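Two complexes come next, and they have one chain in common, subunit A, joined by subunit B in the first and subunit C in the second.
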Partner chain A sequence: MMSPIIVVERLYRKFTLGVESITVLEDIDLTIDRGECIVLKGISGSGKTTLLSIMAGLDKPTEGNVIIDSESIAKLPDLHISKFRAKKIGMIFQHFNLLEHLSVWDNVLVPLVPMGIDMDRAREMIESSLALANISHKSDTLASRLSGGEKQRVAIARALVSNPEIILCDEPTANLDLGNSVKFIEILQKLHSLGKTIVVATHDPLFDNLPFESRVIPMANGKIETDI
Partner chain B sequence: MRSSPFLYFLLLGIARQKGKHIGVVSISLVVLFLLSSVLFISSSLHHTISSQLESEPDFVVQRIRGGVRVDAPVEWIDKLVDIYGTKSVTPRVYGRYALSPKHEWALVVGVDFTDEQSHKGLEKLIGDTNLKQFLKSDQMIVGQGVARYLKSHFYSDSYSFMTPEGAFKKVDIFKELSDSSSLISNNMMIMPIDLAREVLGVDDESVTDIALSVPNDDEWSSIEDKIESLYYDIRVITKTDVKRIYENLYNYKGGLFLVLFLIAIVTFSLILYQRYAMVYSTERREIGLLRALGWSISDVLRLKFLETLVVVVISFVVGVAMAYIYVFVLGAPLLVDIFLGGDNLSHRIQLLPVVDLSVLSSIFLLYAVPFVASVLIPVWRVAVTDPKEAML
Partner chain C sequence: MNQLLMNNQVMIYLLMEVIVSVMLLIALYWAIKMLISWDFGSFSTAQYRLEKRSYLVSTILLFSFVVKFFLLIYFVFTIDSISILIPGAMCAAGVVSANDYGMQLLLTKLLILFFMLLWMSINSYDMRAKNYPLFRFKQVIFLIIFMMVAIEGYLDIEYFTHIDIRQPVSCCSTLYGQLEGSNPLPFGLDIRNLMILFYMIYTLLMVTLWYKYRIVTIVLAVLFIFISYYGVVYLFGTYVYRLPTHKCPFCMMQREYYFIGYLIWGTLFIGSYQAIISSFINLYTKSDILYNERRAMVLLSIFVAVCSSYVALYYLQNGVFL
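This part shows the complex of A and B:
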């Protein structure tokens, strides 16, 4: 029996705009088992990116709790949540968010810098994640000179470099053409086969009925509609 | 170099923004160079004055009438000798002599060269002068400022003084005092005491003042009181008072500069602060991204702190080295005139290389603290914001 790696309990996220309070997430309960591949599906403004950010510890819930690998992260102080994120979570963003002035190799190094490992170990980790994301041949190229698909593969390599158990992807194919989107899904499948827990927030129909995904969770107006 | 990912990333960051860093280093160099130069000049003058005043008498006794110094009677000397604890009581004859009707004046210093105690105080200045040769005829030893003035007025070998009686007195120039003592001796004309009396019109029964020494420092205060109680019109000036007068003069000038440079540094820091406060959107995004990728606030601050520290240290070392060369090798052209410009005869002095650690640390603190703060505060403000927000 699979053990849960992400547990979201009675989660609320509200923002205050002047005197008005806007509820972006409302009463979210969700359990994701180790090794699952979950797709959070919904249109823009449905709350999927906010939910993903809270799972990554980039945002804090107004109410409720998020437990990652048996540790409650909702109230963790900065130093702990940063270390936790560096070790446990790999993030892939919609806009790739690469440091454009750095080479591919240097971009993939970024998450390893605060981990206190030596350069030889870092080199090994970078080489292996570049290989996994099929982008080793571009390791010395500046990020600004890459195509959209290549940038996405660098973002994947960077997310994988610290060998995290959880990969969170926010609209990963929004800026890719069909060919690159398919290639991305192939890499995702490879990661799934390696036992990674994957959560994808997307509205791309390509993610409907993928053979390796466990569940598609539709979201609308900050709520989970039905857990399929 | 690649032994630590942090070090590698730090150097990468510095190299990547070299244009920005070169600009900041250049401005810092100007500020640091000027600040260090002023402090070097100030501490060198301070050191020179202290060492030159070391041979000055402990006490100088003068007569005051109506708030003005007048000549003192020679019988005061006996009274001073009688005070227990005093030593080497020496009469002195000196006074200002106007070289030109309006501006330039010299200090005529009469010395009793037959009395060893009397010229002991001037030993440092006159050095290994052949006294036998010097006292043969009416001759004088002149400071550099006086020598320059006289030469520019075609008196290269001698000068004709006009006595108070209206007669001319020709005095030959025996030698010039060295550059190294110029701070004190620039406007001096040292001559035998009788010749000085003639030039200044001081009769045999009077002296300009009386110098004496008190070997036991602990007695200074009580002896000062005893001397002051001798006559109602007596004034005592101690060596400490003289030092203080000189130091105040140069500290005052140094202080003015310091205030100006502090203003410059504050302005520079404000510009930096503003530049970082508006942290370019790319830099803001970069900090947000680092945070999103597992960097803690302290990791981001450490990186930016070390990046800034490298700039600060490079600027400091180069700026101070440039100032050292400018002041102690080149003689601080232009700037030194501002310090010594109060004197009536132009100065040309050799600044002694004095590097005081407290001066160096003051320069470092005055520069580094505002600089680092003006960079780190805005970075910290971005680092503590929600990474998601910073990445937008």
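This part shows the complex of A and C:
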């Protein structure tokens, strides 16, 4: 029996705009087992990205709890959540969020800097994650000179460099053409075969019925519609 | 109205105290609310709101305490500078003794400084921990500080409104010379034994800080403040003034002595307080906040080095002691 790695309990997220309170997530309960590949599906504004951000510790809930690998992260202070995220979670963003003036190598190095890893070990880790994302041949190129597909692969390498157990992807194919989207899914399959837990928030139909995905969870108006 | 209240420095000082007090009052409102409703185990909206608010309150308090620290220095500077307005006063010693409230006010300020440093150390530990382990303790310390600040405010008003600028006061030369013939030093010590005790406690304090004998450190640090006060006033100060009869804790804060008093008293009080507080917190939390103990060691060593250097320099220049 697989053990849960992500547990979301009675989660609410509300934003205040003047006197108006907007509920973005409402009463979310979700359990994801180790090694699962989950797709959160929904239109823009359904709350996928907010849910992913709270799972990554980038945002805090208004109510409820998030437990990652048996540790409650909803209330961890910034200092601790940063260390926790660096160790446990790799995040891939829709707009890649690369540092454009740095080379591919340096972009992938960035998450290792706060971890205080020595340079020889860092070199090994970077080489291995660049190889896994099929972007080793561009390691000296500036991020600003890469195509969309290449940028996405650098973002994957950066997410994988610290060998996290969980990979969270926010609309990973929204800025990619069909060919690059398919390549991205192939990399995802490779990561799944390595035992990583993957959560993808997307509205891309390419993610429907993937052979390796465990569940598709539809979201609308901040709620999980049905957890299949 | 007392003419002294129209003095620029007194006005600035009192105005700043009022501003800081208003900030503390806002923080007090939230601190009480947090003390009543705080439940870290809860994942309710109200608890999340309190946790966010606690960051704001800590920031307000940290800012207010830093301002109050500089206000303490400014207070000493102010009473020293108004000594020219009061007949008989040559430095802050005369102004402090202008009425009964002066010394009470100064001691209250030193006590507030101690609790502020205690709060800052607890806050620093609490913010670095995962689950606010000292949150309630920190708020209780703040309540104590607030009560003392209220007393301080009362003493501030009473002190400045009761200084009569036509009434002559005793300055340091008579204040500290009035016991001529009797021994003003504690435990019947003479200067030689006072110095032996001074350097012995300092050495022991360094050893206990280094090896983390925490209860002994607290006792020694309290003793060191006491002995050092007499050491500075009755020996080291006379080398600062280069006059064996000039025994004053305040004159050394004046420009003619290069404001060295601020460094001497500052390093003594903050260093000793740090030693007490870090040992106390480490005992209480069973943790190890090394940097606070190291900081205490550095500050106390600076204090001893500065004091000793005045004696050594005088001896090197003149070939005799005072």
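Just so it is clear, the second predicted complex is superposed on the first by the 228 of 228 C-alpha atoms of A that agree within 3 Å, B and C clash if a C-alpha of one lies under 4 Å from a C-alpha of the other, contacts with A are read in each partner's own complex, and residues count from 1 in each chain.
In the analysis below, a residue touches a chain if its C-beta (ideal position, glycine included) is under 8 Å from a C-beta of that chain, and two chains touch if they have at least 3 such contacts.
Please read all numbers here as calculations on a predicted model, not as lab measurements.
Enquirer: Following superposition onto subunit A, is the placement of subunit B relative to subunit C best described as a clash or a fit?
Expert: After superposition on subunit A, subunit B vs subunit C: fit, no clash.
Enquirer: Could you say whether A:206 touches subunit B, subunit C, both of them, or neither, answering first, second, both or neither?
Expert: Touch partners of A:206: none, neither subunit B nor subunit C.
Enquirer: When both complexes are superposed, which of subunit B and subunit C contacts more residues belonging to subunit A?
Expert: Larger number of subunit A residues touched: B.
Enquirer: Examine A:118 and indicate which partner it touches, taking first as subunit B and second as subunit C; both and neither are also allowed.
Expert: In the superposed model, A:118 contacts subunit B only, not subunit C.
Enquirer: What is the contact status of A:83 with respect to subunit B (first) and subunit C (second): first, second, both, or neither?
Expert: A:83 sits against subunit B, while subunit C stays out of touch.
Enquirer: Under the stated touch criterion, which partner chain does A:142 make contact with: subunit B (first), subunit C (second), both, or neither?
Expert: In the superposed model, A:142 contacts neither subunit B nor subunit C.
Enquirer: May I ask you to decide whether A:62 touches subunit B, subunit C, both, or neither, giving the answer as first, second, both or neither?
Expert: second
Enquirer: Now for A:10: first (subunit B), second (subunit C), both, or neither, which partner does it touch?
Expert: second
Enquirer: Does subunit B (first) or subunit C (second) touch A:74, or do both, or does neither?
Expert: A:74: touches subunit C, not subunit B.
Enquirer: Minimum CA distance, subunit B versus subunit C, superposed model, integer angstrom?
Expert: So the smallest C-alpha to C-alpha spacing between these two chains is 9 Å.
Enquirer: On subunit A, which stretch or stretches are contacted by subunit B in one complex as well as by subunit C in the other?
Expert: 79
Enquirer: With touch defined as at the start, can you tell me which subunit A residues reach subunit C in the complex?
Expert: Touch list, subunit A to subunit C: 9-10, 12, 14, 60-65, 74-77, 79-80.
Enquirer: Which residues of subunit B touch subunit A once you look at their complex with the stated criterion?
Expert: 2-6, 8-9, 12, 16, 285-286, 289-299, 384, 386-388, 391
Enquirer: Would you tell me which residues of subunit C are touching subunit A in their complex?
Expert: Residue list for subunit C touching subunit A: 40, 43-45, 48, 51, 127-131.
Enquirer: Inside the complex, what are the residues of subunit A that reach subunit B?
Expert: Touch residues, subunit A against subunit B: 53, 56, 58-59, 78-79, 82-83, 85-87, 89, 91, 93, 97, 99, 101-102, 106, 109-119, 122, 158, 162.
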